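Below, each structure is written out as structure tokens.
Each of the next two complexes has chain A plus one other chain: chain B in the first, chain C in the second.
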Partner chain A sequence: MLANLYIERAREFFYFQYDFVAYALGASVLVGIVCGLVGTFLVLRGFSLIGDATGHATLPGVAGAFVITGVQHPVALLAGALVSGGLGALTVGVFSRGPRVRPDAAIGIVLSVFFGVGIVLLAYIQGLETGRQAGLEQFLFGNAAAITPGQFWGLVVVGAILCAAIAVFYRPLALMTFDEAYAKAMGINTMALEIGLLAALSVAVVISIQAVGVILVAAMLIIPPSTGRFLSGRLSMVILWSMVLGGLSGALGAFISYLFAGVATGPAMVLAATGFFVVALLFGPQGGVVTQSIRRRRRQASVAPGGAS
Partner chain B sequence: MSEAAVTVDGVTLSYDGEPVVDDVTFSLPAATLVGVVGPNGAGKSTLIKAMVGTKKPDRGQVLLFGRPADNERGALTYVPQRGAVDWDFPITAGEVVRQGRFQSTGLLGRFGADDRKAVQKAMESVEITDLRHRQIGALSGGQQQRVFLARALAQGGELFILDEPFAGVDAATESAIVDVLRALRDSGKTVVVVHHDLMTVTDYFDRLVLLNRNLIACGPTNEVFNEDSLRDTYGGRVAIVTKSGDDARAEK
Partner chain C sequence: MMALIEWLVAPWQWGDWMWRGMLTVHLVAIGCAVLGVFLYLRRMSLLADALAHVALPGIVAAFLVSGSLDAPIMLAGAIVVGLVSAISIETLASRPNIRSDAAIGIVFTSFFAVGVILLSTVVRDAHIDTHCLLFGDLLGVSDRAMFLVVTVVPAVLMLVVVFYRWLAVSSFDLRFASAIGIPVVAVNYGLMTAVTVTAVAGFEAVGAILVIALIIVPGATAHLLADRLITMIAWSVAHAIVSSWVGMYVAIAVNTSAAGAIVVVGGALYLAAFLFAPRHGRIVMLLRRRARRRHDITPTS
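Up next, the complex of A and B:
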């Protein structure tokens, strides 16, 4: 029976019957945590879509690295992703500062041009003898199950360094994100800080694309922080919620993807994150739809005249 | 006389090659309360940006206490326009005021007893202590402006520059802010305020900078605030009704 198959799969997943399940789960959780952290600053700064552009911009790097080296070496592919993703993020940043191109247009241009180049390269690779087995399409939607132990530990190290760097620069980052003019007047080098943030974004995207894919990585940068905003009015708590819910979404995504063969990890993670978002949107203490209407009703009831006393 | 607190020397500032402040020169003595006055688009906020170092002049230079502004960043405290930030940002009033202590704590330094005391004192002086746990979006415009001022007080400094602190605030807040600014001036600080309301100019400020792209006048309020200089500043768009004493009113 079908139900038995799913129960059996769930059991395999939770008992870590296969090693790759543990690494897939770990990588997905890590992606959720790191993206939740970096994403909070992006979302609050109004840079959400730069994450989207950066994610799409990693594709030509992955494909280009394969074309150049001719082998499916993870370090080479991710290095390629870092170069083209970083270039994409920087291009958006530079374009947006000029007077002629507004940020949304800059993002649209970078996203589509880089992604288009990536797709063309993928098509070229498909035509190569070695290309068909390379399985680069899994970078589109993510396949956490393909992550090797070596890659996993690499992600852990890079992710930890990234989190530590953001922790060190937390105060000026928070200051700049809230009030850039004040931060500048204080002598904080906001230009360097912003480049640092874009670099952090690029790194976060690159270590995420194997699990979540280049197309949907933006969702993991945007949805958990947006959820966190409904849950707290303090920056530190928004970040914490974002990381926790990002991690949980990663875990759930890995599980769903394992349960239903053929469902890529990326979409599964995004669905999980969206579930949390909807709950927060309705019931979150900071402006949740239902929460607010209940408060309004209570307030009206408490000031309503003519109550028996 | 001691060194001027602010010296603006032949400063030209432009956007897209279009000068909005053109060859402006003046200096402000220390321990004064100065109003920067002029019509919309006169370049007031742009001039302020050059003073606080967020916009580089095309020509000329700004000196603070006789030294290039970049070297005196620590002496300067800026209160941006209230409209410049996202008030839905997840941050409490208390946290905003604590931001003022960043120069003291640095990246990872402990938020020590001195810092706590400075924050507490700043919040008390503008009466927002009760609001410190509230998310800033839940505050009124006047309360938000008080939070900004408290952050500046917590930061301290010798020169305070405020960009339209009275825009959209209630009367009680306006007079509370004025009291704080006067107290700063009396303790020897220099306070520069971008201001809109000509009615209150003579009441609030010791000195004025009248600006409309060019410098129209700069000096003690009772010397430079007159019909001629105002006509020069506002063009034909102003009618001044001088009632008893120093009550002046501008109409479009």
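Up next, the complex of A and C:
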């Protein structure tokens, strides 16, 4: 009986019986691809958690835009998210410089204080008459099904521009990622490039929050690139793997969230990405746990005197 | 003046929620502030971020296993899951192609996602909702939450006092600490357990995510103001107390989330210290640099 329900739901999903399913799926895949791309540069530079801070920092922008405009207009909310997310990312950059401030603490401070501002605004909104039906909570854990066709195409355009921009600056970005001093010596303006990367991060986060939510967007920036590192040793391949697996996680997340009532898209997507990560961690050709131990055993067997006979 | 005093006194006469909220938030904030100093010095601030997020799946797991939400069971579940996550983070970070910050990001987001999904499906009837998880409920602290805080925080503080030497030495110089025979691994996991327990105790009152602010911000502020461990702890606790009082009254005045207001006030205090701290503030540093430059130029001209 229950199984029939799920089969029925799966059929609905794959035949795109409802339009919103196609857009939810598309938006989730887009999140995976964009975050996988931007996240790779962050993870390789050791800035993984700056994405976490930026994600949490978008909340006051979303809530603030609602307070100012008084209506839930998606463009206004996302513009607010972009402003406060970008401000959060830049603040981490500013506070991390100089003595007496630890970079890890700077990330934690921006993350929690910006989120606190967002919570204050959210609580204030809920006290308003219009606030009850504002539905801003869906920004916390994501609700891909609420994305309209217009918003979806808007996100696609912005995402495409972002990917193109990164493709244009690929060489200097790659150089800075592996050897910042060398990049500087080559005459690359690393400061500007760094700010550009933070801006790209903010845009990626804003594209993503409707589908994954502000709290878990960090996962989509960190997990697929970390998976890619177990699958290849080349930057271009790590990026490719990260985008592909990010997109797949998005699709799986959208599917799971459609299948089971009450499961939000964001957490489902994150768990799909974690699943891929665990598989790569065990069996990946680059330092996978099982792969390594098999390789070691083979080497021992060929070296040991018994193995030669 | 009289009006001000009246305004300050009035909330205490509106029922017992005011002193309950004040007592709870002071205990939680002071506990977090003291532990936060040690985490800050060990560059483990972001582990607080992870452990606070992981408290949620811990509590949910405890509820799934036992079917109850009694205080000891909640604590046990959170401690177990918190330690599991801390060990997973360390194991992952020991692999050559994963940095420790990525390890933190991978583990806690995955655990948190599991917690959120369980909360919205299997354990929907447990009385922990995402609302309380995010906003906390300082103006209506339940008996259970208060009991937790009143028992846990003094115990944690007492442990900090007892093991103060060990904590202090190992926070400043890990290698020296292990050389003179301090069990640094045990101290490390003990500290993590203390953070988890405090986060769980504060969970219902201030929300899972705002607990992070109570742990990280006071210690970071104190580091701008103090040069010795004991004064740093004092500043950290002072930061916690001031932001609790001011935040509570701001929340009452504007009718918003008390936990959120406390965090915002704490952030403002940090910013003030960042700019105006007498020795390490940015403005003093700027003036000092300018003075030095003038001093350098005058003899030659």
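The rule we apply is simple: the second predicted complex is superposed on the first by the 305 of 309 C-alpha atoms of A that agree within 3 Å, B and C clash if a C-alpha of one lies under 4 Å from a C-alpha of the other, contacts with A are read in each partner's own complex, and residues count from 1 in each chain.
What we mean here is this: a residue touches a chain if its C-beta (ideal position, glycine included) is under 8 Å from a C-beta of that chain, and two chains touch if they have at least 3 such contacts.
Because the structure is a prediction, the values reported are computed rather than measured.
Placing chain B and chain C on a common chain A by superposition gives a fit, with no clash between them. Seen from the CA centre of chain A, chain B and chain C lie at an angle of 90° in the overlaid model, rounded to the nearest 10.
Contacts of A:286 after superposition on the shared chain: both chain B and chain C are touched. In the superposition on chain A, A:99 contacts both chain B and chain C. After overlaying the two complexes on the shared chain, residue contacts for A:262 are found with chain C alone; chain B is out of touch. Judged by the touch definition given at the top, the superposed model places A:179 against chain B, while chain C stays out of reach. In the overlay built on the shared chain, the residue A:113 is in contact with chain C alone; chain B does not reach it. Using the contact criterion defined above for the overlaid structures, shared-chain residue A:62 touches neither chain B nor chain C, since it reaches no partner.
In the superposed pair of complexes, A:124 makes contact with chain C only, with no contact to chain B. Of the two partner chains, neither chain B nor chain C is touched by A:203. Of the two partners chain B and chain C, more residues of chain A are touched by C. Legend: residue contacts after superposition of the two complexes on their common chain; A:171 is shown touching chain B, with no touch to chain C.
After superposing the two complexes on chain A, the closest approach between C-alpha atoms of chain B and chain C comes to 6 Å. Overlap of the chain B and chain C interfaces on chain A: residues 46, 99, 229, 286. Residues of chain A touching chain B in their complex: 44, 46, 99, 168-169, 171-172, 174-175, 177-179, 181-182, 184-188, 228-229, 232-235, 237-238, 286. Taken in their complex, chain A has these residues touching chain C: 43, 46-49, 51-52, 56, 95, 98-102, 104-109, 111-113, 115-124, 127, 137, 140-141, 215-216, 218-219, 221-223, 225-226, 229-230, 260-264, 266-268, 270-271, 274, 277, 281, 286-287. Within the complex, the chain B residues that touch chain A are 16, 49, 52-54, 73-74, 76-78, 80, 84-86, 89-92, 95-96, 99, 102-103, 105, 107-108, 135, 137-138, 151, 155, 161. By the touch criterion stated above, chain C contacts chain A in their complex at residues 40, 43-46, 48-49, 92, 95-99, 101-102, 104-106, 109-110, 112-114, 116-117, 120-121, 124, 130, 134-135, 207, 209-210, 212-213, 216-217, 219-220, 223-224, 254-257, 259-264, 266-267, 270, 274, 280, 282, 285.
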